[in-house]
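Below you'll find the structures, each written out as structure tokens.
Both complexes shown next keep subunit A, but they swap its partner, so subunit B is in the first and subunit C is in the second.
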Partner chain A sequence: MHDARGQIRRLPGLRLWLSGGWLLLLVLAAVFAPMISPHDPLEQDLFAARLPPFWQQGADPAYLLGTDSLGRDLLSRMLYGARLALTVALVAGTLTCLVGATLGLIAGYFRGWADLVISRLVDIWMAFPPVLFAILLIAVLGTGLTSIIVAIVVIDWTRFSRVVRAEAMSQGAMDYVASAQVAGRSRLGIALAEILPNVLPTIVALLTLEMGIAVIVEAILSFVNLSISTDQPTWGGMIAEGRTSIYQAWWVLVFPLVALFLTVLSFSQLGEGLKDYFDPVLR
Partner chain B sequence: MSYLTIKDLTVRLKNGVPLLRKVSLEVKSGEVRALVGESGAGKSMIGKAVLGILPRAAKLTGGEILLDGEDLLTLPPKARRAKIGAKVALIPQDPLTALNPSRRVGPQITDRLVDILGWKRKQAEDRAAELLDEVHIQSPERVMRSYPHELSGGMRQRILIASAFAAEPKLIIADEPTTALDVTVQKQILKLIREMQERHDTALLFVTHDLGVVSKISQSLTVLYAGMVIEETDVRTFFAEPGHAYSRALLAATPKYTDPDGSLMPVPDSIISQVEQQVAAFDAQLKR
Partner chain C sequence: MQIVRTLLTRLATTIITLLGAAIIVFVVIRVVPGNPIAMMLPPGATEADIARLEALYGLDKSIFEQFLIWIGNVLQGDFGTSITTRQPVFDLVIGRLPATLELSVMALLIAIVVGGSAALTATLYRGTKVEGGIDVAGGVALSLPDFLWGLALILVLGVLWPLFHISGRVSPSLGFEFNTDFYLIEALVRFRFDVVLDLLGHMFLPALALAIPLAAIILQLLKQSLKECMHDDYITLARTKGYSETSIIARDALPNAILPTLTLVGVQFTFLIGGTVIIERLFSYEGLGNMAIDAVINRDLPLIQGIVLVFALLFTLVNLLVDMTYAALNPRLRHA
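Moving on to the complex of A and B:
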């Protein structure tokens, strides 16, 4: 019988390992892309166009995952594409988290007019369709890495502030907050030392989720050719190119799509696993 | 000598509805005063007003709260917080939410000693272990390293008591400290609070709706109805010959093991309407 409990407890561990493993692989690939890429991701070879992946008839072992319609090596392009995807995930995810969680904590614990202003702002923000909003922002800011990151932060901070606000409000009503107040702790001290640790598991889960979303948003922007300059390989850009030759060379579309899928899935699973890990009751 | 004196304390909701109607009471040094009344009578509100943790919707609109002869309400906020922190402590009602779930128990006790008395962490830890020993917790070191969810409700309430007495306050406000516990644990906790109060010679304002508890712990009591003081007396007089009809009705409503038929009487409507009239008359007088 006690085995059943053991298995339940093992599951989040496995989830953490699988998702963490994939993300670690991706980080290594991104960091060492110039060293491990078999080809220059931008080099075209029209004689080697649309070569299939290695297990198919007519494949060239020099091009492990095949080539696109301009004869560029898919594997190399994906490795370089991972660089942009991960940079955006980490930087945009973290910044969004900082902005959103801070505003949420202020609104949820300090309440009053700050809450009024922040909450109304969130309401207004949520009325915009996010992808259109992003495209509009890029159109105004111009393309480039900074613009993508700014766009993601500007669109998605509400995701954090809404959840963190609700969580901070319910924690703020607890007796331990009253006790800390009686003991003469300042409001800021209470927010940071008492409320924040209890909201942290939620923030961590949201943060990793947000990283996944950032990867998707980056892919969408790349797909519509609005991320970084077009000569740099991006997963979204590859998907867009692969779409035009789906019947002749499915692999051009499928490989970056699988990478995107696994990455987003890993981020969300990592978040779930970490949330359990950070929660003292479940730990 | 009176340590806490409350004079004409008035608390209203933001929309003007009164919660406390010119409440006056005092707690002498080293004395235990019970504050009794039905739910919603404003018992806890008095404690919260003294501690400066009134809920957002409530507003203190008049009166004085003298702590050790000094009016808390005229002090600037920072000085007031410091004074309350150093002299008054709270034993909260629900031990399950009164400890921060994501922090170990030890630091939550030592925080006060470090914050209020400016002690070193190590010194505070030794004192916390001593206090846990005083509230009869075995292996204090292990408990201090635990998270609240690893401990039972009774254990947590003991920890909260230890932590309330930690900085040697002169006054402790206990807000129904036994209500959330089951009856057998209630009795131990009550005994413990009494024991600690006597040993540390602390004044205690004990908020409760349980008259059985009152007879065991306090020397004097104040009966509250709708935020108004109905009767103020010492415990012996109260149980022998309660002065107000409402007090008599409250007593009759208390279950008694020795007299199962004569106890547990609901408070009669006639008496409710009598006190309601008294409250209405008081409000009318206030308006004039």
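Moving on to the complex of A and C:
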């Protein structure tokens, strides 16, 4: 038992460093994309179509990771694609968290009819396949960054509200809340000053998970060509293009896929690591 | 008596959930995008066409009346007519549903077999490197979604090492005429094992992609329940009787540890079904989800509406079934 604890204790450090490192790299890539991109991500050159990455035979060193079937530079497209992925992760993740956690806190601590309505809404939401719901919303709202963000918030707020509601309910039954009530604190005051800080570690862990999910949702929407305007480079769009030319140019699929893998894995490992870090039992 | 009341309450909430889902579909499709008739008609439709369709769908009436008309039609199985194919939506959906069901059930089976055996192995070798390895694999499996697993499988088992098909449901070159839409069951019943093999070769990768995250969930929960069981008295008793560790885990611990996992599998099964939407697209598998994405791209609103409702019905029914099975299996709930 002692060994297991020790391992868990040592692992989050490494996990946090690795995942944090990759995400930091990604932020830098996104911010400085216009400066470090070797090519214009939209520039087509049909004479340089489907060039393999640098270590393969027939590669052109000017195109480090090769080109797609229209001769566009993959590295530059990946760097620009990181911009959309990270924007969606940060904005949609945070907004989903705010909406979901607020509703969960209201349902879990204030109970009564608010809890009834919110819980029933969560049940109804659970009746929809999330990807289908997202695609349906995009069909109605039209494509574009705002639509993607709205769709993610509308679909995924239940993830936060379910967990936060349960946590707030168990915290609400604790003695320290009762003593705060006896001390004459207002319900809202207790919710914000007592319940919220105790639920916060869970919320933070969920938030990083949600950012990874937002990246995936955006990639899926781009994959089915329902994200932003088609000429903007996205990882999902690159994957769709790679899927169709998989037998001729595997690298078009592999590089954005690896970026997506690492990003989603990093967000979830960051969440796990933070959860362990905040967990008083493990600390 | 208690169980009857529990079931009735559960049935009532199911109906409320379904009604809520119907309202949301109605609101999203009818109210938000402005004039639905304009979207239902092909470009170049005349004023008379619009008026005729508006009367047909009762759009000259109030929103509430419109909803009643719509829900009345839906209850009678009238989901409207698809704009792109001009066929009744109900027929289209029923024609595609079997493909999705076969894929989902296959994925569920894979998840149970893989997750279950991994949990049993990890319990047998608890405290060793084997358990550590299984835990790490489970963690990675869980943190990546089916979409990414599908892409990875296409690359590794479809292209790099082409063992399985990566698109479609059946090879047209087989020239096999299906009489039903349950291809796999039909091929099995007609003893056409070449067709069965071909179908499985198409189904395996998408089913595995859907199964991997669920297998990881089964692994984690079942392993935890098994570990808790291993400290119980009857296990010690079985050990003193000299049974092997393998037989103790399989025969004594497993039946006692399996209930929480079963419940979770039920709930997670709906998530798996939801995943078919994008996985079918990825593998060009002709199921309901793939049709849904086409419908959205073609703005075929009656068809989208029908598919979303069928998914919602499927989800709530699976949840209801899980709750009822749980109530039937759990003696504490039965006699409460």
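Here is the rule we go by: the second predicted complex is superposed on the first by the 270 of 283 C-alpha atoms of A that agree within 3 Å, B and C clash if a C-alpha of one lies under 4 Å from a C-alpha of the other, contacts with A are read in each partner's own complex, and residues count from 1 in each chain.
Definition applied: a residue touches a chain if its C-beta (ideal position, glycine included) is under 8 Å from a C-beta of that chain, and two chains touch if they have at least 3 such contacts.
What you are looking at is a predicted structure, and each value in this text was computed from that prediction instead of being measured.
**Student:** Specify the partner with more touching residues on subunit A, choosing between subunit B and subunit C.
**Tutor:** Counting contacted residues of subunit A, the larger count belongs to C.
**Student:** Of the two partner chains, subunit B (first) and subunit C (second), which one does A:Asp123 touch, if any: first, second, both, or neither?
**Tutor:** The second partner, subunit C, only.
**Student:** Counting only touches as set out at the top, which of subunit B and subunit C does A:Met174 meet: first, second, both, neither?
**Tutor:** After superposition on chain A, A:Met174 lies in contact with subunit B alone.
**Student:** Taking the superposition as given, does A:Arg111 touch the first partner, subunit B, the second, subunit C, both, or neither?
**Tutor:** Once the two structures are laid over each other on A, A:Arg111 reaches subunit B alone.
**Student:** Does subunit B (first) or subunit C (second) touch A:Val131, or do both, or does neither?
**Tutor:** After superposing on A, A:Val131 lies in contact with subunit C but is clear of subunit B.
**Student:** Pick one for A:Asn198: touches subunit B only (first), subunit C only (second), both, or neither.
**Tutor:** First partner only, subunit B.
**Student:** Report, in rising order, the residues of subunit A that make contact with subunit B in one complex and with subunit C in the other.
**Tutor:** none
**Student:** In the complex formed with subunit C, which residues of subunit A make contact?
**Tutor:** 120-121, 123-124, 126-133, 135-141, 212-213, 216, 219-220, 223-226, 239, 243, 246-247, 250, 253-254, 257, 260-261, 264-265, 268-269, 272
**Student:** In their shared complex, at which residues does subunit A touch subunit B?
**Tutor:** That would be residues 111, 174-176, 178-185, 194, 197-198, 200, 280-281 of subunit A.
**Student:** Residues of subunit C touching subunit A in their complex?
**Tutor:** Going through subunit C, the ones touching subunit A are 13, 16-18, 20-21, 24, 28-29, 32-33, 139-140, 143-145, 147-148, 151-152, 154-155, 158-160, 166, 270, 273-278, 281-282, 289, 292-293, 296-297, 299, 304, 307-308, 311-312, 315-316, 319.
**Student:** In the complex formed with subunit A, which residues of subunit B make contact?
**Tutor:** 51-53, 56, 81-82, 84-86, 88-90, 92-94, 97-103, 108, 111-112, 115-116, 147, 149, 160, 163
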